[in-house]
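Which chain is which? They are A, B, C and D, in the order written, and residues in each are numbered from 1.
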Amino acid sequence: MVKDTEKTVTGWSVQQMAQKVAADIEDGSYVNLGIGIPELVAGYVPEGREVIYHTENGLLGMGPEPSQDEEDPELINAGKKFVTAIPGASYFHHADSFTMIRGGHIDVCVLGALQVSQKGDLANWSTGDEKAIPAVGGAMDLVAGVKTIVVITQHNTKTGEPKIVKECSYPLTGKQVVNRIYTNLAIMEVTPEGLVVKETAPGVDMELLDQRTEAALIDGR
Amino acid sequence: MINKISASVHEAVSVIHDGATVLISGFGEAGSPIELIHALIDHGASDLTVVSNNTGSGHVGLAALIAHRRVRKMICSFPRTSNSFVFPELYRKGEIELELVPQGTLAERIRSGGAGIPAFYTPASVDTPLAEGKEHREFDGKKYVLEHAIRADFALVKCRTADRYGNLLYNKTARNFGPVMCTAANTTIVQAAHIAQPGEMDPEHVVTPGIFVQHVVHIPEPAHESVLIAENKKYPW
Amino acid sequence: MINKISASVHEAVSVIHDGATVLISGFGEAGSPIELIHALIDHGASDLTVVSNNTGSGHVGLAALIAHRRVRKMICSFPRTSNSFVFPELYRKGEIELELVPQGTLAERIRSGGAGIPAFYTPASVDTPLAEGKEHREFDGKKYVLEHAIRADFALVKCRTADRYGNLLYNKTARNFGPVMCTAANTTIVQAAHIAQPGEMDPEHVVTPGIFVQHVVHIPEPAHESVLIAENKKYPW
Amino acid sequence: MVKDTEKTVTGWSVQQMAQKVAADIEDGSYVNLGIGIPELVAGYVPEGREVIYHTENGLLGMGPEPSQDEEDPELINAGKKFVTAIPGASYFHHADSFTMIRGGHIDVCVLGALQVSQKGDLANWSTGDEKAIPAVGGAMDLVAGVKTIVVITQHNTKTGEPKIVKECSYPLTGKQVVNRIYTNLAIMEVTPEGLVVKETAPGVDMELLDQRTEAALIDGR
């Protein structure tokens, strides 16, 4: 009994999602951006705010992409893309970099997700597929140490499966670690009471959101 | 715009509350943030637990803070030096607590506090009175003792140069505990002899990245403890 | 006179024996000591356990070492990247072992190995499959997992500048695992693009003090892995 | 039944003891010298050998005392004396400094002693006196981490008590940590078989040495 609107509503673009995330990052924050969609967030910091980007491979004060002739294979981010360093940046080794992460010095980490549970459990490193090469990187350290964990993800998989679930079926990255979720359909906050919807995309109501979501949702708009 | 530079030394330390745990950098006088400590005396916070390698000399800096009875407990590795009278006297009278920690264990406990490591094993102090009552464990046939991280409410640190982001450079052996202490406090307050523009420091040379620093105070010509002691100075003057 | 500079890259790696544990610096190609790895391939040591963040790309460097079946086991955090084919293929066939470690835990285990800390507790990986079967413990109501130090027979590290004492400077984000790996091996072998005279490096700027380095090889113009891959190179050429 | 010679024999001077210690330190060694008599060792490194001195307050490559106008209160050693830095030196923080110590990177540490036992136990930080202010510094880390621990000390206390004992009565710095002992009367090595005398000072024989020593001695000269 799927309505037409449910099929056609696509909600926010990834750029709009990134803009929503950026709007909620406070001035002066130290921020670590995961690989992929999270990287877009850097492009939408509101005027007048200064945000410092950390990349776990050893740079605080990561700047924008370089022009092609400025590309330096020894100046890259955690996604192994070419980056730059702002005036006021610093380089350091991996143990010091994860002191920043594990020690609770980073304010916000924006990550992608395979699944997020209504309790804030995150699965973003493995589908548990036997044939896949497991690779975790710094995700488990980030979710364990960073003050606020923000997930940015499509609300559903390409085949329409819910990614916001009651319990993650994929191997966890961390348990009860996610604070806020930004999808193409809604912004949700993980609270002790449950998953609270703070904002919905144009054309999205709670009924549609519930149909696209496995987790129980509380309307907090 | 991020600007961690405080208007005054008094403003910087005004956040320190009674009962706080405070890390104070320095090895002897080298790296001791004497102006911050004097401002803390003026500010008046008491019942402090202070973590510092020594207990100060003469009647200035940390020794003066102790003399003013603001310190309930010292956590340090070497509480006596040639010019330290204040701590020894109070300690003998039983009027100040002491937790004696081997120097390397002290540094590592502070680093762990900053790095989100709650506890670690070390071979230092095994089979000595300082390990008594602590949990022991063997790894590869060798005995180790479990030591816990030190985290603090505040750190007072002296450096040579800082910028508005809180990036720091130190001077020679005055570096000592500064970099690890910056990481292990909720609020790190730094006194810097020089203020640099962002980008003036080579990012390869930064010793403490700004993320570990909350407030910077510009103290252009910091006093030398040994000079003050030679002049028989006593704080407050 | 202390002079840690080796006559050749082949002499430097000739000490590496079959069955050794080898730390290899780098995060992707940044900091990967490609000339040392190629010399190790020529040298022929096999049955190695390699600790490195990734597993190499294309058919050069670490990927070539693995392709030559010299590596029994990889300890790393991220064994696949866009250009990595060699490790995934062997892994799927069950012909190479993998110990997957969160990146921060990997860095800290290596640092601990260098610092004489046999084990520590970390919150990373708790409640995930990577912590299964490991010892857990609560501190202040939060769960942590016990992780053990990694020490190695050898470390192969790339840096920008070295002097005859083994003091090292790195280049930008190519620093990554280099400094901690230098501390955690019985024999650390470094390739440096520049050789400095003692005293040319400011002692405030030295990143790796010479005590952690045993051999330095001068490789004036190290190859870039990505360039070799774009050229479809395969080692040995 | 104390003979005259026993009273008058003083053996080596502290300078000679320091020279003996220095002669046994290999070229290229990384060495940490304790406060006091151990500091003298630096003055006697034989021609042609290069030794690098570490001081635990954060300097590798410590040089000789400065001239008075070069004195810098921010360039000191662990004994809080003014020092210099050689070309090729490096500064680092305390956690890194004790990585060198605890991690087994320092080759030799020369320390003073209150007592050394025949098994190599060392007591050098406290007499256990209730009224004394206990102070340990880096001694316990040094004996736990440095490869070779050398003690340089007078053979007896000023009041003639033996310092080379069967069991230390003072609180330990470390158990079975000392490798070699250099006193004014003899050089001794701690071995699994016991304390072996390698060399005696002029005018000192095993009989005199035994009378001045509580520990059991093996003649290995």
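Throughout what follows, a contact is a pair of C-beta atoms (placed from the backbone, for glycine too) under 8 Å apart; a residue touches a chain by one contact, two chains touch by 3 or more.
A quick note: this is a predicted structure, and the numbers were derived from the prediction, not measured.
Engineer: Check B-D against C-D and say which one is joined by more contacting C-beta pairs.
Structural biologist: B-D
Engineer: CA centre of subunit A versus CA centre of subunit D: separation in Å?
Structural biologist: Subunit A and subunit D have C-alpha centres separated by 57 Å.
Engineer: Using the average of all C-alpha atoms in each chain as its centre, how far is it in Å between subunit C and subunit D?
Structural biologist: Inter-chain centre distance comes to 37 Å.
Engineer: Once you find the CA centre of subunit B and the CA centre of subunit D, what distance in Å lies between them?
Structural biologist: From the centre of subunit B to the centre of subunit D is 29 Å.
Engineer: Residues of subunit B that contact two or more other chains, please.
Structural biologist: Correct list: 108, 111, 115-117, 122-123, 170-172, 203-204, 207.
Engineer: At which residue positions does subunit A touch at least two other chains?
Structural biologist: In subunit A, the residues touching two or more other chains are 59, 85, 91-92, 95, 98, 101-102, 144-145.
Engineer: Sort out which chains touch which and give me every pair.
Structural biologist: Contacting pairs: A-B, A-C, B-C, B-D, C-D.
Engineer: Which stretch or stretches of subunit A touch subunit B in the complex?
Structural biologist: So the residues of subunit A touching subunit B come out as 27-28, 30, 50, 52, 54, 59-61, 85-92, 95-96, 98-106, 144-145.
Engineer: Quick check: in the complex, which residue numbers of subunit C touch subunit B?
Structural biologist: Per the stated touch rule, the residues are 108, 112, 115-123, 139-140, 142, 144, 148, 169-172, 202-205, 207.
Engineer: If you look only at subunit C, which of its residues touch subunit A in the complex?
Structural biologist: Where subunit C meets subunit A, its residues are 27-31, 53, 77-82, 87-88, 91-92, 98, 100-108, 110-111, 122-130, 170-180, 207, 224-226.
Engineer: Considering the complex alone, what residue numbers of subunit D touch subunit B?
Structural biologist: Subunit D residues touching subunit B: 55-59, 72-77, 80, 85, 91-95, 97-98, 101-102, 131, 133-141, 144-145, 171-175.
Engineer: Which residues, counting only subunit C, touch subunit D once they are in their complex?
Structural biologist: 1-2, 111, 113-117, 163-165, 167, 183-184, 197-199, 201, 203-204, 206, 209-212
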